[in-house]
Each structure stands twice: as C-alpha cells, then as structure tokens.
C-alpha cells in the first residue's frame, strides 16, 4: 500500500488528468465488450462465455484488413462487421439450441467455441503474437493538458467509444426496434405474441453484441498484442463489469466499466500489488449486498 | 504436428537389429528415444514450437553424423498445455509408456519444478532447457542428481544487467529509477536481483516507483502513466513476449521511451523485435537470442540455417534446446555410449563446442549441473534489422564471483 | 441396508479388480490414469452433490480442490506430522473455509451463485499467487512431498500410490452415495426441484445448502490430496478457474442425473486429453468439436443418455 | 352461414408428461363473440395458448381463416391477424403506455390500418393522459385497457381475451365490459375465456363450457344462463 503516493496523485492536476484519461480508456474499451455481454444476457438470458473470443477475432480480422488495405478505419469496420456476422452464425447454429437450458450447458457450448476459435486463430494467423502498429495519423507526440499527458489516439478512442455507447443507448431508448429489444428482455413471449419475430430479434441482438466486441478488438489492435487466447482476460474483466453493473443493464455496465478503469488507474498508484484482488473483493461485496448488481433488476 | 510415434516398421526393424547383431553400430542400431514436453497450445504455443524447431535441426545433424554413440535419436514430443500437473503426467508417460530413456524438458517455471519431482521419483536423465529460475539448480533442496539445465539463469542476467546498467548510469548520471515487471515470481525475483546488482555497482541509485502489471494484462496504460508521473531517469522492465510488445506500443504513444532510459532484459529476441511496428531506438536490452551475440560465424550460420528452414528467426528458447541436444551429443561422445547413467556421469563438468558460447564453448558446471559460459550481453535497439547493436558481452569472471557470493548468502553453498 | 451392503461389495470387488490389473498389463500408464482419475472423479462427484443433487451451479468448486492440494502439501512440507494426520487436517481446513465461503455464497441464486463462487476461487488464486513466501507463488510449491508413508507403505512407489488412490476413490464414492441416499439426500433433491416448497415442508433450506456445500468441499479436497501426491507438490494451476471447468465438463459430459455420471465423465475427459494430446497439438480444436457433439448430439451426459435409452429415469436433469 | 374464422378441431395438449386438453374443439365465426367458460384449472388458458401458438397440440388441428395453423409460432399467428391478450395482461412495465402501444403497432394481414394511435386514444380515452407513464405503475384496470388497446394496435382479425375480468374491482369490470360491447358493436370477432359467466352475458352471443380439459357444453349464452344444472355443475354458480 502506498497511500502517500495516492494522495500525492489526487492533489496534482497532472497526475489527475493523466490517470483519469488512462482509467477512461481502459474503462471505455471494456464497456464496449461488456455492453454486448450484458445486452445478450438481458434479452436472451444467455451468459455468453465466448464473448472474449468475439473480441479476439475482431482484433485479428481488423489486423488482417489493416494489413490488406492499409486503413485503420476499414480495419476496425471489418472487425465489427465480421463479428456481427459471426455473432449471428454463432447464435443460429449453436446458442439457439440451448435457450432455456441450464447455464452449464451454455457454458459447455461457449467453452467449446472458445477452444475451437483459439486453435483456428493459431492455424490461420500462427502462434506468434502480432501488433498492428500505430496508424500514421496518430504517430504524433502526446498532448499536455493541465500538465497531464494525453495521447491523441486515446482521445479518439474515448470519443469513438462514447459515440458508440451513446448511439447504442439512443437505439435502445428511442427507436421502435430498441423498445422492442428492451421489451423482449422483459417478456419475450409477449413480444412474440404481438407479431414480432423473436428468432430474428435474438440474432439481431447477437449481431449487435458481436459487433461491439469486434469493434473494441479492432479499435484496440494498434496498442494491444494479438495472440491466441487474448480474449480470456478481457472476458473476465467484462464479467466483473457486467456483474457489478447489474446483468442486463447497459448504463450499469458503462458506470461499472469506468469505475473499474479508475480503480485500476488510481489503484496501481495506491495499491500496486493488490489491484486484481480489489476487483474480486468489490465483486463479492456487491453480490452479497445487492445480488443483482448496482443497476440490475431483481431476477425472479 | 510432426509425427511423434515411431512407425511400426521402425520399431520392428529396430528390434530385429538388436536381436540379430546387438553390437552393430550405425543406422540399424536401436534408436535412443528422447522425450520432450513443452507448451504447444494456448498463448505460449510459440515457446514449444521454437524449442522443437531447434531440436529438429540438431537431431537431423546428430543423426546424420551417426547419432548418439551410433544410435539414432528419435524424439517423442508431448504438449503439456502450460499446466504443471500435465507436465508431470506427460513426463511420467514419456518414461513409463513411451520408452524414452531421457528427457529434454522445455517447461517454463512451475512446469519444470513439476518435472523435476518426476525426475527425482523415476531417476531418469533430464536436461531442462527452458526454466530460468535460478533455484531449480542452485538450491540443493531442489537439486536432483540426474537433472541438468541448458537454459540461462535469472541470477546471471541480473548480474550482467546490473553491471551494464551501472556503467550507463554512471556515464549519463541516471540516479532516479523505476521498475515495471510482471507481477509474479519471475518478475519480482529478477527485478529484485537486478536492482541489487545495480546498487552493488553503483550505490547511489534511488528507486522511486515500481509497477507490477499482471501477466497477460491487455492494457498497460495505467502502469505507463504511473511511471510517467514518477518522472524517473531510467526504468528497468522484465516484461517479455506479447506483454512487452503491448507495453512498448502503448508506451510509444505516451512518448515514454524519450522521457527515460529504458532497460529491458527480454527485448532482444526476434519474436518481440519483429512484432513491434515502431521499435523505439536506444532501448538498452539484454540478449535473448540475436545472431549478433556472440558475433561469430558459427552463431550467424546457425541463425541463418534456422531462418531458412522455418522462415523465421530463432528464439531464446531455440538456442537453449539446441544447447541441450548438443550436451547429449557431447556426453555420448565422451562416454562412448548412449546409456543414460554413463551420459549423466559424462555431463558433469562437460565442455562442448557450441555456437552460443561466449568463446565458442559452453560448460555443464559440475557443482550445480547447469550451463555456464553462454553468450550474455547488453546492447541498444535500432529501428531496423539487425535491431540490436553494440552488444557488450559479459565477463564470466565477474558473474562467477558474484554468483558464488549470492549462493553463500542464500545458504546454497 | 441391503443397498449399502451391495454397494460395499461392489466397491471391494472394484478394488480387487484394480489391484490385479497391473499384474496383467505391464505398462504403468494405466496406473497413472487411475490415480488421476481417482483425484478428478472425487472432485467431479463432489461438485455434482451441488449441481446435480441440489441445483447449485458452482463455477468455483476448484477452490477446494486446489486448497486441498496446497494445505496437504504444505502440512507435509512445513510440519512434521504424518500423512494420515495431514490428510485429516486438510479436510478440517477445507471444512472451515467452506463454512465461511458457503455462508456468503449460498444466499445467492442461479447465475449469481455461480459468479460469486468463481470470484471466491479467483480471490484464493490471487492470494496463493501473491503469497510467495508460503506457497512459492506462480512457481508452485517446490521440492516435493516428503514422508509419503501410510502404515508403513511408501506412496512414493507408484503401485502403492495407485492402490491408495483406488481405495480412496471407492471409499469416497461409497460415502457420497450413502449421503445422497439418506433423508438428507432427499432434502437436497427437494430443494433442487422446488426450493419454496421444500421450505414450506419444514426443510431449513440454508442449513441444508450450507451442509452440502461443506461436504462437497471436503470431498473435493480429498481429490486435491490425491492430485498433490501424484504431482508431489501443489501448483497454482490446480486452483485456477480451468480446474473448475474440468469438473463441470466431467459432470455435464458424464451425466448429472446419475451418481456415477461424473466418474464416467472424468474418464471420458482424461481419455480424450491423453489420446488427443498425443495425436495433435490442436487439442482445443479437437476437444471443442467433441464437446459440441456431446452437447448438441446427446443434449445430456452420457450416462443419463444411456439410462434414458434403457427406459429408466435419471435422478435429476439440468435441461 | 359464414365459414368460421377460427376452428379448433379435437386437440390434445400436454405439459411435459401430463395431458391438459383432451380433444377440445370449438368454432368462432366472423363477427361472433364467443365465451369459453370454465372453472379455474379447467383448461381455458391452455386452449387459448394452443390457439395463440404458445402450446403446440400433440393431436388435432387449429384452423385460422381457412389455413391450418397448428403449432405455428406466436408471432406467425399474430401476423395472420390473431391478437392475444393474456390473463395477467403482461404489459411491459418499464415502458411507457405509448411505448407499449408503439411496440405492438403493425398492419393487419390484408394491410388494414384501422387502428392508428389516434383512434386508440379515442376509444380508450383513459389512456391518453397516461401515455407517458410507465405501464408498471398503472392500476390493474388501466393495465387491462392497455393490454386490449395494445392488441388492437396490430389490426387483428380476431381477439383472444384470457380472463379480462380477473382480479379487477366490479366497477372496473363493468367499464371493461362496456368497452367489449363497443368492440362487438363494430363487428369484432372475439373469443373470451372467463370464469365469470355474468361478465360475458351482455358481451358474448355464444358459449362453450370446458371442464377437466374437455368441452362439456355448447349453447347460446342465453341457453347457458337458463341451464341451471350445467352452471352449477361446471361453473359453480
């Protein structure tokens, strides 16, 4: 524990700015993955243990598209689109067979997909780790804001992630399809009885969830190492975020993701050896006192 | 995967040869089976694969030259999936069921300790070619008579790195230091040892900040910003592999590498050097494997031969396994036999010619059955191939002196 | 009572057969297989007490398996006590831990129970990783287990360890079988089928849940002890999340509705592992496809599938 | 006589291993309001669910507008013009009243658009001032109104109402009754499942009585009212 350092940091504007942006960037990418996870759980009651794999495949597809076209934007879009398609196939071929089944059966199927995809990545891209490299537009020195260091690339990432998060909440809150998705989360049978094809709706939800994870993987590809199995740590963190925020609550996921990012960025200064433990303890405490998470609905 | 099972025919002809003329040497003699287990799957699959690549090269060469005392080598490869309990099981299976007379263990850290216990129980001959944890061979508590090591040791790296860093620090007046190493035993031990020797050579060092990211952590941003906040003049990192490339890529956008002199013990391995798209120049790095250290024809030739065959450069793992096979070869030559007991006897204190030796040879030190005399040095990065320049080879005299002191201090001798 | 005697007779017969097998087939791989099988089958069957019989899907049961390996190996290394004493002390340590962990976890339901158990396991995993002085951190507990002697028999000898593992497995299974056949076992199934009704009928739900949680933790730690003897130490991988996953796969593949389902599942999983890793380094690909075939083809565990095909009705189901 | 809009022919329905319906059959013609009466647990809701596509019959057929629709999914039935109002209303509690209606909006099977939001508010004047309120915060009667209004938003050919009077205060029941008479007045085809025969008196023209999963009596509603024996035996009144 190093409380002096933590105190020193929160009283210095440069440290505050730097650590806050670093917490935000970690949190926002996490949010994109967790948002899909929580959306899928909310509507389909499926715990998608393969969500980290979506993130990994998104990053690899983005990497290949970037190598092919030389465009970071096209790379990210390819990652998102690719995972939207993959999400639909995954839902139709596998997940649709275990709706309503025990969570262990879902776990089994998702884990099988994780195993298969990790090896497929190894076959297609090889066991080495890759780095996409910074797109030339962002190979610029960092900005200094109030004495704090802020790289332009990360400002872009935060803005894009916020925009995607905002678009998602507008979609869910204001459009008819969004209202239908939220209604289906509550009562899919009734939605079906109103003439809405829930099969299609479920595929759509998986497409959106997959796309978010794929976009996050693509967006992060310039700064994170690509390796088979890279989806695992992001999966665990997304689960912590979803559980803390309340499974099924997008807003909860956003808040929990940012909080987790900030816990990590300030925790690494104050509790350098215990940040991981902090996350698990936070999760246990919240589950014990509020079993459905901060913003989750009590499940019946 | 390469075929690991002997075909029925080779087994049969082998047996026939033994029955007909047990003492005839050459291609017809019974093959010596060597079991090799490593991680071939998961995120660390690259380690097993590059270990195996190097072994294949050596086996082809040794067999073409008549094998081990006239008996050809036949490798049996097994995947332990980075799990110590699997490593233990696979090691037992290799010996008990697959008829391997000796092992080449390419497990890292925990796995190698699990294999060490199997070696102790079964009394089988084994060379560890991956674990860099010093205590595996240095601590008499863990030592096993039939277990050897052909891989580098953390303590050697720490001494050499400390000495090199002290010189740079002296010249450039670097007194404020930070560290950033993976939060597990390897990272903590090597960092502590490194700092210890850095202070040994330059006592006025002050460590002002230490960061401990998790192994495999996808994002190092908060660690990087913490380091920048601390404003050190120099930083040491024991990160490696994918974590190191992510760290460098993420550090780049914060201009971390122009803000401080970075010492990275594990950067000079092609697997990292080639993966980083914008390698910052001027990072001080210890050699893992580069064709320019040692800067000899033999090493260059070996590195090029590897690249030609596998279409990529060898790794640190490659040279270590290659050295392990060369030790088996040398021991068989010395003993005139491929009998494991005689090989073990011959291995103790054996000096062989080796492209990775600082003077063209390496020695299996008798007292703790570990390799010494391998090329170890530090240089600085370039943005383009050969990536690392100006490699200063270490002085093994200093290493031996400080290593002995360290062993005494820990009660190992 | 007849059922108990029949079960014991089958158990003795099984041990006798197992004791004879190594004299018939020379290779030692079979012995290794049985030792590992004993460890994992005890672990998986103990998890099934929760999943199959009580309807509590734990994702963190590996906590007790791993804690079993660590506490046993540490007791043997750090104290001078004999193996049987260390065995009993390990069970006690696990029981106490399980009371504490269980008291927190059993209040939660369904997926939340699953997640909080997983978080507990990961917390214990981080403690073990960071407490380097005691546990050796990520390198694992090194140096082997000394004095592996029970009643004058050295378990360092493979055949002896093999017999020991077989006996422990049979006894463990017999006790668990007895547990699920008592009225306590009936309470478990009533809670699984309808918790509110069980409570209405006078079952103190939390007490029954906590009891079964502690019991299953104790049996999981027995599996851990066998594993610890097999690898002669303890490693963080033995308390990491995939170990819980292995047990879950074993019971889902073998069948949650049959008492021996988890044991059958363990054998399938270990056989797959041993055979597939010999053939290919794409172990994940092969295993993944086989799991999918199981999950989508049979839609239930193998033993449940067979029982249903034979016309019987399994004791429980998860779908 | 016009051909029936809905005809249920001899269906058997199971929940798991237990059989709930035994050869149930009934017909509803265009413009007719039919009551399906029976005690609690007699099989009314299961019959409704089997028609709406939520419980597939193991035997028998369901014909809707001349097509065999046995075992079709609920959304397919809805698109063919069948609107289902379930017994516990099942409004979406977190959505506003208006959102509940918007979610259900669709054209009829022949492209009819008879029920725009404006007309719904005219017919259900109570709902308009509540349109921004979360449906979960409405009273039981308001929720029932909303559920019926929501069903009409889909421009259905026929309405299935499962126990519309259940759990509501008499004054509210009366109001719902008035509404349903109004619908009958504009020629709607309706099947109402009810325990409360009196509720159906002014609404339905014909009645079938179900008991233990079998249809036991068919008549006009007036005929049923007159048949004391059937009423006391199957309806406890």
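Observations
Per-chain numbering from 1; labels A, B, C and D assigned in written order.
What we mean here is this: a contact is a pair of C-beta atoms (placed from the backbone, for glycine too) under 8 Å apart; a residue touches a chain by one contact, two chains touch by 3 or more.
This one's a predicted model, so the numbers in the text were calculated from it and none came from an experiment.
Most remote from chain D, judged by the distance between CA-atom centroids, is B. Between the interfaces A-D and A-B, more contacting C-beta pairs are found at A-B.
Mean C-alpha position of chain A lies 44 Å from that of chain D. Centres computed as Cα averages put chain B at a distance of 36 Å from chain C.
Rounded to whole angstrom units, the spacing between the C-alpha centres of chain B and chain D is 76. With touch defined as above, chain D holds no residue shared between interfaces to two or more other chains. The set of chain A residues touching two or more other chains comprises 118-119, 122, 273, 276. With touch defined as above, residues shared between interfaces to two or more other chains in chain B number as follows: 41-42, 45, 183. On the chain A side of its complex with chain C, the touching residues are 47, 94, 97-98, 101-105, 107-109, 111-116, 118-120, 122-123, 236, 239-240, 243, 247, 273-274, 276-277, 280-281, 283-284, 287-288, 291-292, 299.
Within the complex, the chain A residues that touch chain D are 176, 179-180, 182-183, 186-187, 189-199.
Looking at the complex, you find that chain B touches chain A at residues 41-43, 45-46, 49, 183, 209-212, 214, 216-219, 221-226, 228-229, 241-243, 245-246, 249-250, 252-255, 271, 275-278, 312. Interface residues of chain B facing chain C in the complex, by the touch rule stated above, are 1, 4-5, 40-42, 45, 48, 78-79, 81-86, 88-90, 92-93, 96-97, 109-110, 113-114, 116-118, 120-121, 133, 135, 141-142, 183-186, 188, 215.
Put simply, chain A touches chain B in their complex at residues 5, 9, 12, 14-15, 18-19, 21-23, 25-26, 29, 118-119, 122, 127-134, 138-139, 141-142, 149, 151, 153-154, 220, 222-225, 227-230, 232-234, 261, 264-265, 268-269, 272-273, 276.
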